[in-house]
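Going by the order they are written in, the chains are A, B, C and D; count residues from 1 in each one.
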Amino acid sequence: MSIRVTVWGENVHEQTSKVVQEVYPMGMHNCIADALNEDPEIQARTATLQEPEHGLTEEVLQQTDVLTWWGHAAHSKVEDQIVDRVQAQVLEGMCLLVLHSGHYSKIFRRLLGTTCSLIWREAGEMERVWVCNPGHPIAQGLGRYFEVPQTEMYGEPFQVPTPHEMIFSSWYQGGEVFRSGLTYLRGNGKIFYFSPGHETYPIYHQPEIQLVLKNAVKWACPVPGLWLDNYTRKATPPVEDIQERGPKLHEPGSEGLR
Amino acid sequence: MSIRVTVWGENVHEQTSKVVQEVYPMGMHNCIADALNEDPEIQARTATLQEPEHGLTEEVLQQTDVLTWWGHAAHSKVEDQIVDRVQAQVLEGMCLLVLHSGHYSKIFRRLLGTTCSLIWREAGEMERVWVCNPGHPIAQGLGRYFEVPQTEMYGEPFQVPTPHEMIFSSWYQGGEVFRSGLTYLRGNGKIFYFSPGHETYPIYHQPEIQLVLKNAVKWACPVPGLWLDNYTRKATPPVEDIQERGPKLHEPGSEGLR
Amino acid sequence: MSIRVTVWGENVHEQTSKVVQEVYPMGMHNCIADALNEDPEIQARTATLQEPEHGLTEEVLQQTDVLTWWGHAAHSKVEDQIVDRVQAQVLEGMCLLVLHSGHYSKIFRRLLGTTCSLIWREAGEMERVWVCNPGHPIAQGLGRYFEVPQTEMYGEPFQVPTPHEMIFSSWYQGGEVFRSGLTYLRGNGKIFYFSPGHETYPIYHQPEIQLVLKNAVKWACPVPGLWLDNYTRKATPPVEDIQERGPKLHEPGSEGLR
Amino acid sequence: MSIRVTVWGENVHEQTSKVVQEVYPMGMHNCIADALNEDPEIQARTATLQEPEHGLTEEVLQQTDVLTWWGHAAHSKVEDQIVDRVQAQVLEGMCLLVLHSGHYSKIFRRLLGTTCSLIWREAGEMERVWVCNPGHPIAQGLGRYFEVPQTEMYGEPFQVPTPHEMIFSSWYQGGEVFRSGLTYLRGNGKIFYFSPGHETYPIYHQPEIQLVLKNAVKWACPVPGLWLDNYTRKATPPVEDIQERGPKLHEPGSEGLR
């Protein structure tokens, strides 16, 4: 059975910037989805900010193994209840690939708990992406490094918690370095942050970038977990026979406060 | 110089429950602050939900090395902008001790990114708190374990990210177990979650609990860090001499999107 | 294709203790291998201390996806060069399941770097194993907890580094608690430590224990990684054109010191 | 009270290489110790491979808060029992700073469990060390980055477990990048690996390098922990009243096997 991917695109620059339209006539989301669909194990579709519920209905998420997220100009336009929904699904086991400027997205900051701030420069310089763990599934098929001819610089300090694994480390012609490929676990969801992908350059057309995305999709856990949050609401009967003692705040059978 | 602690209390049950009033006539926050103030190295004051800005003004937070957080019935009453402020301060290096039902507080869930759900039972049963790391500063002065005569049971599964360190593991008379003392790092802030502390029992009067809180305050980093988030807003000039190339989205001198 | 498992057994108590012989007439290793082989996806064979090279030749390890390790009385009899070999294979991506008293094995202590010490008691008491992460692949098919009717107590403090994930937490009738299921990553190898399994009780005959072992085997990474340690021996030519400067210690073409 | 530092030097190149003698007439260890001793809070002495017990007697280690380790040509000459001793002390709470080629030392590999392999080149090129966490105590007083005019390149992949924190990331003129400042916890010991420090260049004379070492010494935990490994040898009496049941392997009062 295929891995079901939903490629989420903010789809704003594609409407407003001629430069971006020329690089991605069908939008970045379609470019990414098309690349993923070249792989017979992957079945990718798209969703965008402008659709009802941003294209991320309960039904869509239930049928999504891996969600990719690209946003930049309209992070604040993403409705909180959709972010809640995506977060809940990630904690249940859906994989999330956060791309480039998605580092400032509501969903990434919410899952990580930090500002996710970094330094940046838009100068079309070259980025050299080094592989820190050549045996990692996400790095399979790559050499020791690859180059992105034109990129936006993202540099340290990058305020994120210590990652589960560091897969890539980038250097930019202007001199900076950056932790450009990081994995996290939150609940049962695997998260992969991958920094290349500025909208004014043809980065998602590049074979190495597409390979990383395909690898990352396959690295994703295909078996959603079973964190049953709602079974935690009511008081749990004891395993051992105990005598209840002392004062209580909760009425019998009531749900806990939260 | 003393370690400056602000003991934050939700202070709701203290107003509404006779049981809680009897156990904590001055409120749990004052009980905790008094215990901390017995230590000559610590200078603790209180703040509560009902005060303007919940007692957590910019000025108060700037003068706080360690913030302790107890909340239960009114998590949703805590204003988001105060949560933003506390989070920012933690990321800059303020230490945060999250107590008992604070596991569902906005600030804890925001810093951890998960539901922080758990199972629970209010039956006045005994809790035995085991020390997992006898050499950790937070466990100094304790034996192999100590007992809380009457407690609310908090049990696994506890949906939190893998902690930085696990200090305590609790067992309850009714049979469950729980990771009852966990540390995290977010930005430069140290976070300690400690589960004992139900409002209807005199847990914060217990010497071992007070010792853990004093230890945790001292374990806190006294030197706030220097994550200068705002210096990341404008584009960063390169270190190496590079020639800007290609199309750009950002106007010269503009701030990045977020 | 099947997952190839090698079940390593120290096989000493089976030769010297009548009690153990009665519980495991064919040895613990055969009991474990038989259980694993009930699963059509798994193909398990055994290896023991007494065989040449402890049954762990280069060829055997090359054909092993997952190695399980049970040892107790003869940790010091395991030859260091075999430990070197197993460690190298784990770092390349072979999965390692360390069972019960294997916590003091050379291979586990070498991969973790700590004493791996714990407290213990052999009193045939009951152990209740709680699931900390119900959505984890290793916990699939289990309820909230299961019980081992007779077990050896292993208690905190357990001196191990912070694990990658905590899957199980045990409580014993005598009162102690223990982190009984932990995962680690070292190189590309996944490691799972699972504490139940004392030799004088029929623990490996128990369905829940066998289920955990099967789950853990499947959780193992099937694609060995590609950490090419030896390509790091000789000096690496630069990517950028640089002029060599200054004094050197190494002769051109020589291998580095280690 | 001062922080007591023992600066351990292999002291081999200093005897055999004229180049190294010129850069470090008194040996690298004395250069490092002198720099540390400029700080009134630090009291540093040296120890070398050639001394009895490599200068690391039980007494010396008992009086050491922080041990720094530089080795390159003679890792295999370090006696295993001294490595055992240092490891035990680290697990009890002594801090360890591992410098440059010390990545291949017995003690570092033993504490980390991986090969600690990396790529390298001795070409006297420039290294730019970037600060990943400007708020970390080890980075205080530094700017966004500093440069080492002549260095030996150490590049990814660096086979180490995921660190506790990543403080520095280096780039080299020849193009490679490297995680050049990493922290770990093992038992109660804090470990800091810092890669600059090749013997043929005057790196330990450089103010920024000396500042990092002083900062790292102060970051070290001053209160050694209390992991009492030996209290785990004999069986532990139960907390709850239990009836011993079933067969036993251990004689009453005997020590456990390991």
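Here, contacts are C-beta pairs under 8 Å (C-beta built on N, C-alpha and C of every residue); 3 or more make two chains touch, one makes a residue touch a chain.
Predicted, not measured: the structure shown is a model, and the values here were computed from it.
*Asks:* I need the common contact partners of chain B and chain D, sorted by label.
*Replies:* A chain counts here if it touches both chain B and chain D, which gives A, C.
*Asks:* Among the chains, which is located farthest from chain B on the basis of C-alpha centroids?
*Replies:* Relative to chain B, the chain with the farthest C-alpha centre is C.
*Asks:* I'd like the Å distance between the centres of chain A and chain C, where a centre is the mean of that chain's Cα atoms.
*Replies:* One centre to the other, that is 32 Å.
*Asks:* Just give me the whole-number Å value for how far the CA centre of chain B lies from that of chain C.
*Replies:* Taking the mean C-alpha position of each chain, the two centres sit 36 Å apart.
*Asks:* With chain centres defined as C-alpha means, what is the inter-centre distance between chain A and chain B in Å?
*Replies:* A distance of 27 Å separates the two centres.
*Asks:* Find every residue in chain B that makes contact with two or more other chains and list them.
*Replies:* Chain B, residues with two or more chain partners: 128, 133-134, 155, 157, 162, 164-165, 175-176, 185, 187, 227, 239.
*Asks:* So what shape is it, when you link every pair of chains that touch: line, ring, star, complete or other?
*Replies:* complete
*Asks:* Any idea which chain A residues touch chain D in the complex?
*Replies:* Residues 128, 130-134, 155-158, 162-166, 169-171, 175-177, 179 of chain A touch chain D in their complex.
*Asks:* If you look only at chain C, which of its residues touch chain A in the complex?
*Replies:* 92-93, 128, 133-137, 140, 145, 164-165, 185, 187-188, 221, 223-228, 239
*Asks:* Looking at the complex, which residues from chain D come into contact with chain C?
*Replies:* 13, 17, 19-20, 72-73, 75, 87-88, 91, 101, 104, 110-115, 117-125, 150, 153, 155, 157, 159, 161-162, 172-176, 184-187, 199-201, 227, 229, 231-232, 235-240, 242, 244-250, 256-258
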